[in-house]
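Next come two complexes built around subunit A: one with subunit B, the other with subunit C.
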Partner chain A sequence: MKQVIHLKAFGMIAEKIGTAELELENPGTLAALGETLRGRFPDLQSAKFGFAINKKLLQGDAEIPAGAEVALLPPFSGG
Partner chain B sequence: MSRFERQTILPGFGADAQRKLQDAKVLLIGAGGLGCPILLYLAAMGVGKIGLMDGDEVSLSNLNRQVLYGEKDLGKPKVEAAASYFRSKYSDLEIEEIPEYITVENALEILPDYDLVIDGSDNFPTRYLVNDACVLLGKPLVFGAVYLNEGQVSVFNLEENACNYRDVYPQMPAASEIPNCAETGVLGVLPGIIGNLMALEAIKVLTGFGKPLKNKMLFFNSLSAQTYEVEIFPNPTSKAAVPSSKRAFSQTNYELACEGVEQVDWQFVLENPRPSVTLVDVRDRDELPRLERAGLLEIPLSQLSTAAKKLEDSGEIYLFCQSGMRSQTAALQLKGIFPDKKIYSIRGGIKAFPKQTSNHG
Partner chain C sequence: MDKVRTPKNIFVQGAISPDAIAKSIANHSGKTDIGGHSIFLGQVRADEKPEGKVVAIDYTAYEEMALEKAFEIREAIFAKYPLTCMHIYHSLGEVKVGELCLFVFTSSKHRKAAMDACDELVERIKAELPVWGKEILDTEGHVWKVNV
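Then we have the complex of A and B:
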C-alpha cells in the first residue's frame, strides 16, 4: 500500500495550490516535499511558508512519518 | 461596586488579576482593524495605561472594520479619534497618544515604558521591526495578523525559552509577495475576531489567568470557522538573525531587509577573505576616513547603476558606506542588476570598522 500524507494549505498557499486539502504520496522528507510541490505548482517557486508535521512547526529538513498531516503555513501581514 | 465587578467575582480572576490590569502599561501598535477591538476590550476591562501608536488618519474605507471610528472622524488622526472616544467613556484609563508609525528610532525610546507590546500593524517590515525590538528589550509581544479570510495569533518572547516571530518565519517576505487588506479586501468581522483573540492573550499575559499562546500559533479560518493550532520551537538561528545590539537595530532598514537585503558585520568580512569577494565603498569620494585595502572599489551610490559592470566578475559583493544605511539601498539596487550574486551591506558602515585593524588589511 502506498504511503499517503495529508496536506493542509493555508492563506496564499491554498490559493496557489487551488485547494486547502490535498492527499499526496509521501515523498519522505520536507525537503523532498518542497521540491515536489514547487515542481507541481510553479506558483510556489518563490513563496515563503513554514511546514508543520502533525501540528509541530519545523525549521530545516525532517522526515515525514507515514500518514502524517503536513500543514503549509504562510505568514500573514494584514491588520 | 466597581465597573469591574463581573470579572473580579470570576473564579480564578479576582481582585488580584484586576489590580495587575490596573497597574499594566500596554503599547498597542496600530489603531486599525485589529487595534480597534483590542482597544475596546483592554480599556473596558481596566488596563491602567495604553500607549496607542499609529501615524494614519481615518478614511472612509476603514469604517467596515475599524469600529471605533465614524463618519465624523474622517481625516482625523486615528490615535486622536480613539483617545477622545475612550476619554469620554472611562475616567480611570490613561491613554497616551503617539501619532507616529513605529521606526527603529522611536521604538527604542517608547517601548521601554511598557510591560507588553501588541502588534496590530499591517505590513511585514513593521512586524519584523516590532519583533526585533521586543527581543532586544525583553518585552512580551502579542502578535496577530489577517489575510483574506484567515488570521493567525501568537504570543512571543514571553519569559524563558520563548519563541519570537523569526522562529516561525525566518525568511522575511517582500511586500509584493503577500498583499494586505487594502489590496485583497477583508470582511469587517475577521479582524474583529482576531483582534479579540489578541486582547484575550494580552489579558492572560498581564494577569497570569489562563494559558497564553506561548510557543504556539493559532490559525483561524472565517469561512469554515475552523481553528488550527501548531506548536513552534525556539531556534538559535532565528535568535541570531535579530540585530545583536540596539545600535545594530537602529541601523537596520526593515523595508529593505524584507526586500532581501542582508547585512553582515565587518568581522565576518575581514575574517573570511576569499578571492571571489569584492568590497565596495559606496560613499562619495570626499567622505572620510577612506579605507585602503587591496581590491577595494570606490563606487558612489549615485553612480552604482552605471558602474555596475565593474562588479560583473565578482561572486560576493560587500558594500559599505558611512553608517550602514546607504549601503543597504545600494545592495537592493545591485540585487536588481545581479539577482544571482551574493550581495551584502556591512552593518554600521565605516564608523563600525574595527579599531585595531584600522586601515591596514
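Then we have the complex of A and C:
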C-alpha cells in the first residue's frame, strides 16, 4: 500500500508551485522530498524553503511518518 | 496557585485599530501591582522597491503552527522575566501603509522587565512565527517581504 503525505505550501512557495495543498507518495525523508519537488517544479530550484513535519521544524535526513502533514516554509517575514 | 495558561489566538483580521490598543491599555487599570508597560507597534511602511511602491501588506500564516510557536515563546518569556501580563496581536490579510500590523504589550512591576521582555518578544515573533508578508505594490504587482 502506498503511503500518502499531505503537503501544505505557503507564501512564495505556494505561488511557485501554483497550489497551497498537495498530496504525494511519501518519498521517505525531507531531503528526498526536496529533490522530488525541485524535479517536479523547476521554479523551486532557486527558492529557499524549510520544512515542518506535523508543525515541527525539521531538516534534511528527518524521516517522514505515514500520513504526515509536511509544510513547505519560505523564510518567515511576519511583523 | 499559578494560573494555567493555554494557547490563545494572536491573529486579527486586517489592521489592528488604535481604539483596540487604547482599550487594551485601559483594561489594566485594575491591576494595581503593575508599575510599567512596554508596547511595540509595527506599522506598514511605504517602501520604495525597484518594482514599485508598497501600498499594503497581505499577511498569511501557517496558523496552527504559529499559534503553537507563539505559545511556546510566551511561556519562555514568562519564565525568563517577572511579568504581570503579556499580549500579542498580529494581523492577517491586508493591512494598508500607515496601519498597524503588530501589537506586543508587556507589563511588570518595574519597567526594565517589561521593556526587555517586549524587545525579546518582538525579535522572536519576527524570527520564529511562520507568517509571511506579501507586499502589494502600486504597480499592481507584488514582492515578498524579507525580514532584516
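What we mean here is this: the second predicted complex is superposed on the first by the 74 of 79 C-alpha atoms of A that agree within 3 Å, B and C clash if a C-alpha of one lies under 4 Å from a C-alpha of the other, contacts with A are read in each partner's own complex, and residues count from 1 in each chain.
Rule of thumb we're sticking to: a residue touches a chain if its C-beta (ideal position, glycine included) is under 8 Å from a C-beta of that chain, and two chains touch if they have at least 3 such contacts.
Treat the numbers as computed from the prediction; the structure is a model and nothing was measured.
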First (subunit B), second (subunit C), both or neither touched by A:47: first
Winner by number of subunit A residues touched, once subunit B and subunit C are compared: B
Touching partner for A:55 - first (subunit B), second (subunit C), both, neither: both
Touched partner set for A:19, first subunit B, second subunit C, both or neither: neither
Doubly contacted subunit A residues - partners subunit C and subunit B: 8, 10-12, 52, 55, 71, 73-79
For the subunit C and subunit A complex, residues of the former touching the latter: 42, 59-62, 64-65, 68, 90, 101-102, 122, 125-134, 144-147
Residue ranges of subunit A in contact with subunit B within the complex: 8, 10-12, 46-48, 50, 52, 55-59, 71, 73-79
Residue ranges of subunit B touching subunit A (in the complex, touch as defined): 30, 32-35, 119-124, 127, 144-148, 150-152, 167-171, 173, 177-178, 180-181, 184, 186, 191, 217, 219, 221, 228-233, 235, 237-238
Parts of subunit A lying in touch with subunit C, wherever the complex brings them together: 8, 10-12, 52, 55, 71, 73-79
